[in-house]
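Report on one structure; see the data block that follows.
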Amino acid sequence: MTFDFWAVLAEWPLLLQGLAWTLGLTVVATLVGMAVGIGGAWARAWGPAPLRWAVGVYVELIRNTPFIVQLFFIFFGLPAAGVMLTPITASLIAMVLNLGAYATEIIRAGLQATPRGQMEAAVSLALSPAQVFWRVVLPPALKKVWPAMVSQIIIVMLGSAVCGQISVEELSYAANLIQSRNFRAFEAYIIATLAYLALAILARRLFNWLGPRFLFGK
Amino acid sequence: MTEFTSWDIVRNLLLAVRWTVVLSLIAFVGGSVVGAALLALRLRGGKVAQRCIGGYVQVFQGTPLLMQLFLGYFGLGLLGLDVSPWTAAALALTLYTSAYLTEIWRGCVASIPKGQWEASTSLALSFGEQMRHVILPQAVKIATAPTVGFLVQVIKGTALASVIGFVELTKAGSMIANVTFRPFTVFACVALFYFALCFPISLFAKTLERKTNVSRA
Amino acid sequence: MSAVLETTETTTAVGAPVVRITALRKSFGTNEVLKGIDLDVLRGEVVCIIGKSGSGKSTLLRCINGLEEFQDGSLTVDGKPLLHESAMAMRALRQRVGMIFQGFNLFPHLSVGRNVMLAPTLVKKRSGADAEAQAKKLLTRVGLAEKFDAMPEQLSGGQQQRVAIARALAMEPAVLLCDEITSALDPELVGEVLRVVESLADEGMTLLMVTHEMSFARKVSDRVIFMHQGRVHEMGPPAELFGSPKTPELQQFLSSLHD
């Protein structure tokens, strides 16, 4: 049983490209997904009853079905209903919807933990409802739930490995491609797995730094 | 081309649900046993054991389940064993579950106030007696809700076993979609079946969580 | 600064001290919290330890039953030295030394009766019936006989602390350590706990108490120790210590209490 890691590492351009795709997908999904999450959280906390119910259904559907099934439904199922999507678009939509549902719940928990007094003080200062939300309520809520949010982002990033199954050229796809060429399956997957692990660790650090910087202050 | 009724689709999917359930249970039970053993090691063993198990947890939580399944499948194959997708999936999911459960349970034990340890120590109880009579009874109560909640994750995780060829619900769905040319209906059904499995468990976990929070408040 | 004061009253009649501490030093990392403690506690003595927070009072108490490990010096309980490495020795130690905590630390999943019965059943291998009878007796002693089947959460703070005392007494210790046992109680509940402690003192229990209840210390203790910055700063009978404090630190401490 000999291992030949160099055969895999020699294909580093492919691996790097895969890494870049994984990162890119994650970043876009995070930005849009968090927007969805903030909107959904607001709707669940303060929206009219039908909207609250609709968002609730969306959240429970996503959280109780596997991501791969969501992806397959969007990519394979929707074309039958007339909606044609490229693998990348389908992946992004799936990732956004997935992260958005979890983000809705996470951020909602943060919003509901806001002390009532904060909102009353802001309203007393004649801030508009929108201002109260964006400037007084949301930032501390995000800060409180940021660790959970970052964990969820990483989960979605690791989940994106499945997108290689619909030919998105991200990291797992690169590993598959490499091993189909040189038959070094174990080595290829080990290297890809280590790359994911490194990504997960780095991404956590990055988001822990980004959050305070741009979203909610120290 | 034969015409497939919706009932044909549903019937075939239902047959595949069996395998999803079986794989989920094997992974959950197996993972619980391994996770409990790891927890005991973590609590009793020295810094080395704790660091190793911490690393084990980090690896499983920081890498895609898909990769873990691939490695299980191809890794075992390397050892010369003739591995079926079924065995590889069972092994990978069991280890995956064990990592998450040991971490959940460690957190629950850690949340027991230090005073409980100090009081039982001061009463001359041994470590084993402390665990059995004071710490674990309290930890189990706290751990029940998140452990039940994780079962949902396990069920969803079995869907990835389809990628290494294990014929469970998702794989059956892919195959049926290819044959019937009705992917929209088929995958919608697949999603609904997972929902039917997972949603009641999620609700139950939420009820449990509310109960433990009330009793602790 | 400290010198061991040999009290003339009861030493020779009783014999060797129950707790003997010699040159005890303890640090948390680089921070030395106990800077050489010498202390003898005689059987039946009630010793109250007072001082500012951070003076090392609780740490000293926790060294005596091994919850904290010390780096230097020696500690002997009932003639037996404290050996941290030996689990068996520590277990034997804790059967001789009981502790009551500021936060009560009752076991929330066990009823009051079972809280008291747990340790005697497991450690002293007492039979269920014996342990139950003993528990009932002790709960009557602390005035909570009717609460045998109640759960801790149903009790007030004062009641929980009295259960904690019964629980510690069930192990029939030679020494009882009390670590600020009334500090977490609402004022109106403090009295019921102190009355139990006073009755224990009257019965001849050896008590070592870290406390802020100065009137109690004055009334009940045989000796008061004032700790300051990790050392025994002053030591003596309560009338002397409270009435005529010798050092400026003690004078300052006592006056700050009256603010």
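Labels A, B and C are assigned to the chains in the order they are written; within every chain, residues are numbered from 1.
The rule we apply is simple: contacts are C-beta pairs under 8 Å (C-beta built on N, C-alpha and C of every residue); 3 or more make two chains touch, one makes a residue touch a chain.
Bear in mind that the values here come from a model prediction, so they are computed numbers and not experimental data.
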By label, the chains that touch chain A as well as chain C are B
Which pair wins on C-beta contacts, A-B or B-C? A-B
Centre-most chain, if every chain is reduced to its averaged C-alpha atoms: B
Quick one: which chain's Cα centre is the longest way from chain A's? C
CA centre of chain A versus CA centre of chain C: separation in Å? 55
Report, in whole Å, the distance between the mean C-alpha point of chain A and the mean C-alpha point of chain B. 21
Per the C-alpha means, the centres of chain B and chain C lie apart by a whole-Å value of 47
Touching two or more other chains - residues of chain B: none
The chain B residues in contact with chain C across the complex are 113, 115-116, 118-126, 129, 133-134, 137-138, 141
Contacting residues of chain C [partner chain B, same complex]: 65-67, 87, 91-95, 97-99, 101, 103-109, 118-119, 122-123, 164, 167-168, 171
Chain A partner, complex, touching residues on chain B are 58-59, 62-68, 70-71, 74-75, 78-80, 152, 156-157, 159-160, 162-163, 170, 173-174, 177, 181-188, 190-191, 194-195, 198-199, 202
Complex contact set, residues of chain A against chain B: 1, 60-61, 63-70, 72-73, 76-81, 154, 158-162, 165, 172, 175, 185-186, 189-190, 192-193, 196-197, 200-201
